[in-house]
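Chain IDs A, B, C and D follow the sequence of writing; residue 1 opens each chain.
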Amino acid sequence: MQKSLFNFKHMHDLLKGKKGIIFGALNSSSIAWKVAEKAHEQGAVFTLTNTPVAMRFGELDELAKKCNSEIIPADATSVADIKNLLEKSMEILGGPVDFILHSIGMSLNVRKGRTYDDLDYNYYMKTLDISGLSFHKLLQLARKLDAINEWGSVVALSYIAAQRTLYGYNDMADAKSLLESIARSFGYIYGRDKNVRINTISQSPTKTTAGSGVKGFDGLIDFTERMSPLGNATAEECADFTIALFSDLTKKVTMQNLFHDGGFSSMGMSFKAMNQYNKSFDNPEELD
Amino acid sequence: MQKSLFNFKHMHDLLKGKKGIIFGALNSSSIAWKVAEKAHEQGAVFTLTNTPVAMRFGELDELAKKCNSEIIPADATSVADIKNLLEKSMEILGGPVDFILHSIGMSLNVRKGRTYDDLDYNYYMKTLDISGLSFHKLLQLARKLDAINEWGSVVALSYIAAQRTLYGYNDMADAKSLLESIARSFGYIYGRDKNVRINTISQSPTKTTAGSGVKGFDGLIDFTERMSPLGNATAEECADFTIALFSDLTKKVTMQNLFHDGGFSSMGMSFKAMNQYNKSFDNPEELD
Amino acid sequence: MQKSLFNFKHMHDLLKGKKGIIFGALNSSSIAWKVAEKAHEQGAVFTLTNTPVAMRFGELDELAKKCNSEIIPADATSVADIKNLLEKSMEILGGPVDFILHSIGMSLNVRKGRTYDDLDYNYYMKTLDISGLSFHKLLQLARKLDAINEWGSVVALSYIAAQRTLYGYNDMADAKSLLESIARSFGYIYGRDKNVRINTISQSPTKTTAGSGVKGFDGLIDFTERMSPLGNATAEECADFTIALFSDLTKKVTMQNLFHDGGFSSMGMSFKAMNQYNKSFDNPEELD
Amino acid sequence: MQKSLFNFKHMHDLLKGKKGIIFGALNSSSIAWKVAEKAHEQGAVFTLTNTPVAMRFGELDELAKKCNSEIIPADATSVADIKNLLEKSMEILGGPVDFILHSIGMSLNVRKGRTYDDLDYNYYMKTLDISGLSFHKLLQLARKLDAINEWGSVVALSYIAAQRTLYGYNDMADAKSLLESIARSFGYIYGRDKNVRINTISQSPTKTTAGSGVKGFDGLIDFTERMSPLGNATAEECADFTIALFSDLTKKVTMQNLFHDGGFSSMGMSFKAMNQYNKSFDNPEELD
């Protein structure tokens, strides 16, 4: 009988006994959605949160039911909302949490079609606040409320635009740089004081609702797919990696930005991508 | 007779015919001050700028006289002020500029003693605005006004805190990360459109008026001095390197963060620093 | 009853059904030893290997018994030995493997006290061969023999000396740079052809038999302990992380150098290390 | 009259009074050739060196005449030859040198068409010896003979393959990683002992005799040209940058790998490159 138990594909208990908070699930294509499903499979209990507006458009109720979780709406830029989220989560879950996923990003400059050399600075500050500073607010409040247990793990989702400029990614590149810096800066403090680790995952471009908003996204996805020896990492694979970072297997990994991208970040040029690129010149008039 | 000419120590003409704008000179210990002196020696003409308040406390008039420059006060967070600065500079200098130095940074959280886990978010946004976003405002306005010539060079001063967390550097670390990201993001656009290059210099900790504000600064300076094979880089040496980046010798260097630190950034541990550190244990009761 | 099953501390099956090869276990302080123990706990079967000389001094037999593994001696610089190792392993394990740990490093220049500015070049080539090239030989032979299954995972142990110079680490720094480059170069090919991922772990300085050989090691360990917000990572924690990299949770992580160091790599200066350093000046005559 | 002097385009004296050694000039497309020309213009005196075989195929005599330099043949892997080169250079130039350019690289595996998963290990060791270890031999001998003056500057040419894998670059990627590591490792020692700085320039792919040997080079050159906001850096521009690194303007830059690539290294995707890539799909059957 013991054997048969282990034949279940997901019969691990990597997060057994762990409590958490998951930001940013919108629908089943969201990375945060997959993280919630897998955290549930691994024995974790957690609350879910997103903005009130995201909850109207999304399908968070379905996920909450599936994972036996409660939803606590919060505007991640609001200190009061984050405070409420942390307090309610501790109440519901019966104490401080062990893991948090921050999967939040939004740029009004991108949405409104303002290019990087014609930014609206109110939008810009909003981009930084939503996509970067929200992470600091979460961590500062968690620290003040002592809302994360010793050896807890916090993960935020980032993108290689924090290191390398991509056409069209706009002010989100700056926001991701800020986010990764906050992970390091607070990672030092929270690690020193409470052994809490803080990392970012730099994920392949992913066809989520958020990712799809970036201009010229399909061409980029094709390029990174051909450049990456293992192909682009999917949302589901990203969730697997996130589980590893929440688990006790990674207790001494902190202040890192971890590329989860099928190898893209370490590629200069692949055969497949070069080969495809060269096809663009088949038309003789290109050959100048 | 030709020979004697060259015996003058600074008889180069590396910036001959070049026009520029230099932000951030306060007094003779400022890096920007040294840059102005050296740019003048190398044949450049330029305007100087700083905030109205800095001009009251500083000695900018003396520098202006020395370099035959005009001063245009500007709050670097004010789009209107930056616009005025660029327009006036072009008027005074007779056209678009060839180089700009951005040497601006300030954190009210640091000044007011708010630690990184107890930040005031209004101060934080101000830190980002002054120390990071001001660079974007400058570049965006310059682009709109076409205020930088083809193959112009823009340099902003940064610090290794953008990559590695230092106790006490606080939210300035996040601001420097943002600054370096803006340099990359705008470096792409301004390079593509107008061959303007944008880089940051990551300078050793320097005993300027700004640098001295950071907590525990003397110990850090001693440590980095012993860690760096060439010792800490001085403000004057930083100015030399800045001149190289403004000159035509570096036309294809862009979107880079360049460490000017006597080798510190590539050191894990030096003999001198380890030796000094080990002296801290001479007292037997430390040896636990 | 189901519940009680999961109360066993290590009742995971993260590597259930997986086969592997583990290089470099010497005694119970070795990282490779801990990896073997944990891989065994997680349901893997594997062969063990080390050099004939290491096997005389080490206690590999004890580990083999514990893990129900066979030992196949091999000189990692010998193509013939590696070939034999791979073939025997496939024979014993019943087919290609799913994971390999490369934990090999040795410098005769270090052992013989030759400093980096007085290297013996025969020793140097030997250092590169043992500590770097052996990884290529292993991968090239595995590729030719098709000895690694689809989605297999290969990990080599590295050190931050590959990026930052440490007094006394000598030519091992160059060897680790080479090792990490080989991981990237072959990671591309093996990923593209067979979905095999190849990564290096950059581990904290660790008091293993190998680590202890480096000059001034105790002072360094103390410094990195105080610099790292989570403290130095132990050999056992490194083994946990290795298990995560062997598991299916990290399928799209490849060509990466992953810092497992309690945060050290992202630190510029901690309060604790600065505080300790400053004690070295308590003696007034130091204060010049 | 003074004014007219300065109207000469290259009437700087950046390297006036400096002595040097330049490796690797073959013909007028070589980066080393351009460095020699520009160093001469800037007032330096220097010796030239290359292998005996390169001297038969190349046009080094012409360069030597132009720069009033002597040629000292040397196999860069031979300690005896390097010793002779350094001694002869000091004799000819009247003392220790102030700068050295190392521009050496060769892979028999590339030449003989051995792919990275089918390397010949004798060739591999030769690649490392010629392209990497030769730099250590040069530095170690220079240190022993005290052949470089205080505040001297040593530059070696590298390529981004040291960080990111490129199809076809083969074992030269590993050699460049090794080269950059040697620059750091020795940069520490030579900086600490004698204030000599050691850096690598990571140059755009360049159509030199050496560069042209790499497979699929033209497509890559086109791609990097479109990716880089300033376009690929030319050999001549690389020489300019090298002059800056030899000059006193960069005295505190050491142990760095400096990207001189028109911005390529900081790009994730440009509009131009994406646009060109997307043309490869104009043919409908590609659109699967």
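Following the convention adopted for this analysis, a contact is a pair of C-beta atoms (placed from the backbone, for glycine too) under 8 Å apart; a residue touches a chain by one contact, two chains touch by 3 or more.
From a predicted model like this one, the values you see are computed outputs, not experimental measurements.
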{"item": "Chains touching both chain B and chain D", "value": "A, C"}
{"item": "Furthest chain, CA centroid comparison against chain D", "value": "A"}
{"item": "Chain centre separation in whole Å, for chain B relative to chain A (CA means)", "value": "33"}
{"item": "CA centroid of chain A to CA centroid of chain D, Å", "value": "41"}
{"item": "Gap in Å, rounded to a whole number, between the CA centres of chain C and chain A", "value": "29"}
{"item": "Residue list for chain C, restricted to those that touch at least two other chains", "value": "164-165, 167, 184, 187-190, 255, 266-267, 270-271"}
{"item": "In the complex, chain C residues that touch chain A", "value": "2, 5-6, 11-14, 16, 184, 187-192, 195, 197, 204, 228-231, 233-234, 237-238, 240-241, 243-244, 247-256, 258-263, 265-267, 270-272"}
{"item": "Sites on chain A touched by chain D in the complex", "value": "160-161, 163-169, 216, 219-220, 222-223, 266-271, 274, 276-283, 286"}
{"item": "Complex contacts: residues of chain C adjacent to chain D", "value": "79, 116-119, 121, 124-125, 128-129, 132-133, 136-137, 139-140, 143-144, 162, 164-165, 167, 170-171, 173-174, 176-178, 180-182, 184-190, 255"}
